[in-house]
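The structure under discussion appears below in the form of structure tokens.
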Amino acid sequence: MRAENYQAVTHPESHEFELNFGPNHPGIEGNYALKVRVNGDKIVAAKADGGYLHRGFEKLMEGRLWIQNIALVPRICVPDPVPMEMCYALGVEDLCQFEVPERANWLRVLQLELSRIAAHLFTFGGHAATVGMYSNMFWGIADRDLILDMFEQMTGGRVYHMYTIPGGVRRDVGVEQLDKISDLLDYLEKRLSDYDNLFFNNKIFIQRARDTGILTPKQALSWGVTGPNLRACGLAFDVRRDDAYLCYDQIDFDIATETAGDALARNLVRRKELAQSIYIVRQVIDYLKKDKSTHIRCQIPNPLAWKVPAGETYTRVESSKGELSFYIVSNGGEKPYRVHVRGPSSMHAVQVLEKLVTGGRLEDVAQIMFSLDACPPEVDR
Amino acid sequence: MSKIKLKVQQEAISHASKGSMLRPFKALAFLGRKPVTEALQARIAADIYRGFHLNDWDKCIGCSTCHTICDNAAIQMVYIPDLPSDLLAGKKPFRPAIDYGRCCWCGLCVDICPTGSLALSKEYIHTCTEDHIDSYFILPDPKGMHKQPFEKGWEKSDQTDLLLHHRQTMQQLPALERIQNFDEIVQGFTDQAAFEEASRCIQCGFCHDACPAQMHAPEYIRAIWEHNFEQAVTQIYRTNPFPNVCGRVCTHRCESACAMQVRGEAIAIRWLKRYAIDKVPHARVKALVSQSEISKPDNNLSVAIIGAGPAGLTAAFDLVQQGHKVKVFEAADKAGGMMRYGIPEYRLPADKLDEDIAIITSMGVEIVCNTIVGKDVSMEDIVTEYDAVLLATGLQQGRSSRIPGSNHKNVYSAIELLAKIKRQEDFIIPHKAVIIGGGNVAMDIARSLARLQQQYYANINIIVTTLETKDAMLADDSEKREALEEGIVLENSRGPLECMVCDDETLEGLKTVACLTVFDKEGRFHPQYDYTDEVIYSADMVVEAIGQNTVLAFLGDTITEQLEWQQGKIKVDNEGHTALEWLWSVGDMVKGSDVIHAIAKGHQVAKSIDTYLQNIKVFS
Amino acid sequence: MVWDQDKEATKDNYASQTIVLDQILHELDTLNIEQKNNQRFRVDVSAEALPALLSLLKGRAGYTQLSAISCVDWEDEFELVYHLWSYETKVLVSAHIRIQYTPAVYVSVYDIYTPAGFFERDIYEMYGVYFEGSPMMEKFILTEWHGPAPMLKSFDTLKYVNDMFNWQEYQPDWLKEIQAKGGKVVS
Amino acid sequence: MKDVIPIQTNNTETIAVSKNSKNIYQQAIDTFSNFCRARSLFVLHYCTGCGAIELPPAMTSRFDMERLGIQPMVTPRQADILLITGYVSIKTLKRVILTYEQMQGPKYVIGICSCTVNGGMYWQSYATAKVLSEYLPVDMYIAGCMPRPEAVLTGLQQLMKKIEKGEANSWENYFKRYDYYLGNQQHLFGDTWHTPTDILEEARHYHLYGAESTGNNTARLIKYTVEHDLTKLDAPLREKDSMTKRGKK
Amino acid sequence: MSGQHIFLELILMPLLAFMIGLFLVLMMRKVRARIERRVGPPFLQPLWDIIKLYVKKMQISHGVIHDLGIIMLLGGYITAEVFLPVPGMSGFTSQGDIITLIYLMMVPSLGLALGVGQCANPNGSIGISRALTAMLAYDIPFIVVIAGACLYYGTTDLTEIIALQKSQQWGLLSMPILALAGLIAIHAMLGKEPFEIYVAPAEIATGPMVEMSGKYLGSLFVMQCLQIYTITVLYTSLFLGGGYTWFDFIPKLFLVALLPVMITVIFPRYKTDDVLRWLWKWPTGLALLGLAIVVLQG
């Protein structure tokens, strides 16, 4: 009788053996597993093993009312839940032909971008921890927590906000709150220089991350890589710009890119994106302060008697991990007929990770996974 | 959008940079700085934090909407016998209990709560060991989970409210237009309005419980929302054979119990019923109703029903469905009783009533009109010919105030006058009329007279005197409002003293005094007058609308003696069964005085008669 | 690579997009195109013609990204939806095909689009639709699941859960008190 | 009926250790041991579900678990506390049980979030286990979906108090009521379910063998292992293990 | 020196080493905490950890060799303590010289390798192979540094070295390059970032410690205390004049430990081959340069 995670070392002729990365392993992001075949320190083959976080979201959503699903969707991706809510709401709005008030759209952008900042801080931290630099992780998570405080004050929840609902948002955000966010942004900007000193200009980190897990633009496109990982290959694609939703077409921002396509480039793209997000949030705050409207939601039907017209829609949102899409089918009923979630990590954490890890070194497995910002709950759903 | 400069220039980090061995040392400065760690004491949560539940038991009505919306089945309703229950006012002794082994703190229960009693507090810490796992199942009250003074966090506000509180507007004829004739005032919902109105329903079922006939209102409202009108009609016919009537003139107890009216306007259940029945063609309704299964094959047992009012016809409808032969004897020329002769045309057009009665007769009920029991057919014949007899004669006779002068020929009882108007019999339309009474009948006669005045004299002069104050009047608010719109004058808190008759035997007017209180301390009717405050309203007609009596002379002496009597009424048990084994009594003559109560009684008595007849079958 | 971000230019792209799709329409006669808005096209195509359509779209129209493959169970047949995104024209084309319920088999498009591997495996696990020629058809998420394909409409998850699991039974003091008075949990 | 000989044979070495039998020195040592145990807790770093997202804040600078003597540890062997952070899918539950069995007693399980109590959000899901305490003995529950770091810290402090009082002994129940837990595990994973750790052997070794340790379910397990010759296969390893186990009583 | 006295020293020296080691570990954790902007562990936390591990009720061993390895590891350091002079106590310093000490300091690593090899966990095996690789990397500069210092002082007896420094000047001043190389080498010996290749939680799940539980892990914690003590005392004795009294000795120890600890917090770890390359390039180069200077001077 043997546990999967507890295998004796066998010494076959080839000197190869199997090593389980996860599910219970600090080098894996979340509850996920990677079975690697190792020859010395070199990885000969890798196979991802998911399903540890499988809850059957898509099935559950078919069994719940349209409104009830707003509580379910954010749980698909834990570190960055807002885009999930957003994507679902956009889909339902598209099917119902709702006219969402302008203010609600800007509030949504505020949420999305704050969530992106939080997620990127988390990812830096995780990436730093995989190479043994815990201080950066401690800093990143502590600073992320300040954003969670803002979320708590705006939405009533720290991690799962359930703030965006089809038709608008659930609460307005007052001027005082906007000032607080503004102060937090100032603080974060100051902190960025600390991160630059400690982490992004750290020689040893750069040495480790450079040329690790290189993706060429061609590979990235053909493997379905999206988001910061794609932008790190020099391709300036961003759903916010290409397939604009909400009011992103009225907002000024740059698409951060790098050209090298390695772990370092991916990290730097996130670092630049973080600064861009701060810039976006400032614009949003500026708008919200000037805007005197209090209309934050269009009239939605009684949630207990709400049928969405039959039809199908494919909505896409740029999450901190990449392109997130929902394919929502309604048969005109009170519950969704089918919801298909395409998490960005379903590409990154499986095929791309397997391919990048193979041929690399054991030291780099965790780093590659974190640099891809793979989020297992999105894969397992 | 004005350009906003980033305050700190973002550092240019280059992928090509080799990094520095020395720059990380700057981080050592944090050795001398204060940690950012929070104190061990848990922080106070944000103002709108979604923590553990609070429930204001005084506000909560036990509607279980929170239970319905909860996506995790975390909310269960608990029946607490101690709590006050008032089905008519929409209060049930149920309170939500919450399972924290399921809850996800989404706050949907708070946002949907029709009363706003549920809220989430700022309290967020609860730990327990395996032995105390029961503490995960709580009955929220205003004190909070651990009886700690935590403030409310996430509360219902107008912004978060998920319910639709405003009723769809019903198209009605404007006062100036409707006063010209007896056309129906209420125009009925448009398709869109009916759909929107039906979609407001939260399916709490309070209407079902408040309705005397226990109508399946949630079901038919939902069916209307689903555009399944035939289903709606089927649901209505489960308990009510008079949808056209009730869809127009029901006193809608359901709407005053509706959970939605706590913070908004009740669902227009009555209008929805009307919409549903209007939507389905008459022939189709007939087909639908005849589809309903008839439980037993015909047998030789038969029932006679005296009086074709709502109670009698409902009982007839039920009994026919249960496989009995039913014959209804009606004194008037047409069936319908008070529905036909007591309700003005502008509220209930006669053809709509005919439709309902046509459905009932199509089921096999035989109605014999113009047949007065005791005159055209003797009571004894009926008793011998039929296995069971139901008295459903209703209250045919207007009650008199018996004040001096009330026996003058120009002093009418409202019920008598309404019938005259409905039958289009001739009578002298008064130039000035005074009506005594503040109920719906008073309003009916006042508004009917007003229409006639408008038609003949183009001038309305009608005064309604009531004992009660304007707010305490028995008439519906809508009736009062519409009467005032139509130019009728309300004189509240006036007690009638005398119908002033001139020497030439013409009616001069009504002398009234101020009424101080209507009921005594024990709640009995015992008005107190202030005789110093005396006002005379001149009139050439006085109408008394202060209630009705029943006439049961046709029963004959033998039966009258065999029956037990109570305060001038036949004594019956709860099911309308009299002291005689084969005789039942029902309708307005027993209790209450509106259509839906009569229908409810009709069902009840039909059930009782059916049981009786079944037993007979067993013996024979 | 230079990608045009100018809005005016992208408008032209939409126009040209319609032309390209029209051309493809002429080549594949079983095609039905519906434009939902500027950036969404729905294409209904017969199952046999789909691989050809995808090749054409990828090769000629620049639809380099397969965003997702969605499967819908219509209880008598399966609908497969291939969502294709073009980075150049910024248009999403959803190609819909219907395949029979039993045996649920279709061909893999892994050769055309690598990401298809993941989605095809996922659909095989969740719906039991087999993709011939897909390189990774072994289980991934449901490796330790032995029941029917769970996403099928015929699989009732609530019934399964009630059969398989017990629920926590609570007996708190307040409930005992209420029960002593005749109250109970009603729903 | 007296002639009937009980079938139970070789498993009868149950030793009842009553509290009174301890002398004052042993009691003093126990008190001191519990004092130290309560002050040093190693948490297994295993994110089973979404509640794990609130653990990094609890561990890092903002809420700093280390000031309470709590540290994350990366392998089950080193850890004292198994945090079940939210729902456990059935696939994960198998690993959780393996992990739990690999941990060394005294060991504690904390169930965080709604999902560990009654299924939580995913009560309809075919893929998640509903009531955690059916499969593992749980010491402490922390309510929330998910609980905030403050709540997690409070829960841990409560557990510390319990340990200091010497009341956190639920891990012994796993040995004493192994049949019950194994039965529930078998119900979920099938009759062929087995783990590399020989719980019955360990129970005997540590004198935690109780009347409910064995039963129909363990009989099924033993039958399976004998049939599939798993005992023989691992015999040297197991022998070696049991020979060298030298735990305290 | 009476037998009784030496017996007392034999008991007292490891005990003191353990106690000071505890505080060095505490300091390490505190410094890390402060740079990470948090409060850090309570005062006696390292002690509670160790006691807790020793009173675990269940223990799993992986065989005799496993036990033996742990005994070797602990014994190696305990023995090493009595060869390290501290103020007022010199133990066996004069009987066994610095060469003996270096030998003793290698025993624990071998013991660990022996013990972990029995655990049958691939992570442990990889960890141990990395640990031995790292040992190969840091031992070369370390031995060169020791050789240089011994050459400079002309003796291998630590008490004499201390006395010499008292009369002349500290080794730090007389041979700064060697002192620098030595500092880097002892940092590598501590196995902290950037040289933390054999623990590397994110890669091999703490490597050698992966199967350690209860008292085995406790022993490793004790070893950590003794190791950091041994290394700092050795460095202090060689380059900072050793201890004249406890009042200047202990601050010196903490100062020596502080520098590696601070560097640990602000750098990630190297890859295995980078460790080899870096340690053989920089500290070895410096040590050889220092040695050359000593030789040329001498």
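Labels for the chains are A, B, C, D and E, by order of writing; each one numbers its residues from 1.
As a convention for this text, contacts are C-beta pairs under 8 Å (C-beta built on N, C-alpha and C of every residue); 3 or more make two chains touch, one makes a residue touch a chain.
In this text, all values refer to a predicted model and were calculated from it rather than measured experimentally.
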Original post:
Counting one step per pair of touching chains, how few steps separate chain A from chain C?
Top reply: 1
Original post:
Where the contacts of chain C and chain E overlap, which chains show up?
Top reply: A, B, D
Original post:
Which chains lie in contact with each of chain A and chain B?
Top reply: C, D, E
Subject >> Two chains sharing the most C-beta contacts >> reply: A-B
Original post:
Which one chain sits nearest the middle, judging by mean Cα positions?
Top reply: A
Original post:
Based on CA centres, what chain would you say lies at the far end from chain E?
Top reply: B
Original post:
How many angstrom between the C-alpha centroids of chain D and chain C?
Top reply: 41
Original post:
Where the centres are mean C-alpha positions, what is the separation of chain A from chain E, in Å?
Top reply: 43
**OP:** Using mean C-alpha positions as chain centres, tell me how far chain B is from chain E in Å, no decimals.
**Re:** 88
Original post:
Which whole number of Å gives the spacing of the CA centres of chain B and chain C?
Top reply: 49
Original post:
In chain E, which residues are in touch with two or more of the other chains?
Top reply: 33, 35-39, 201, 205, 265-267
**OP:** Could you tell me which residues belong to chain B and also touch two or more other chains?
**Re:** 24, 27, 35-37, 71, 99, 101, 104-105, 133, 136
Subject >> Set of chain D residues in contact with two or more other chains >> reply: 60-62, 64, 67, 74-75, 91, 117-119, 121, 123-127, 145, 148
Original post:
Can you list every touching chain pair?
Top reply: A-B, A-C, A-D, A-E, B-C, B-D, B-E, C-D, D-E
Original post:
In their shared complex, at which residues does chain C touch chain A?
Top reply: 1, 3, 5, 39-40, 64-68, 70-73, 81, 83, 87, 90, 92, 94, 113-115, 117-119, 122, 126, 140-144, 150-151, 155, 157-158
**OP:** Show which residues of chain A lie in contact with chain C when the two form their complex.
**Re:** 48-51, 54, 56, 58-60, 63, 217, 221-224, 226, 234-237, 241-243, 312, 314, 316, 323, 325, 327, 329, 337-338, 340, 342, 346-347, 350-351, 379-380
Original post:
Any idea which chain A residues touch chain E in the complex?
Top reply: 6-9, 17-19, 25-27, 38, 41, 128-135, 138-139, 142, 198, 202, 204-205, 207-208, 361-363, 365-367
Original post:
For the complex, which residues does chain A have touching chain B?
Top reply: 64-65, 67-72, 135, 142, 149, 152-153, 155-157, 160, 162, 170-172, 186, 189-190, 192-194, 196-207, 210, 250-252, 258-260, 264-265, 268, 271-272, 275, 278-279, 282-283, 286-287, 294, 296-297, 299-306
Original post:
Residues of chain E touching chain A in their complex?
Top reply: 32, 35-38, 120-123, 125-126, 193-194, 196-197, 200-205, 265-272, 274
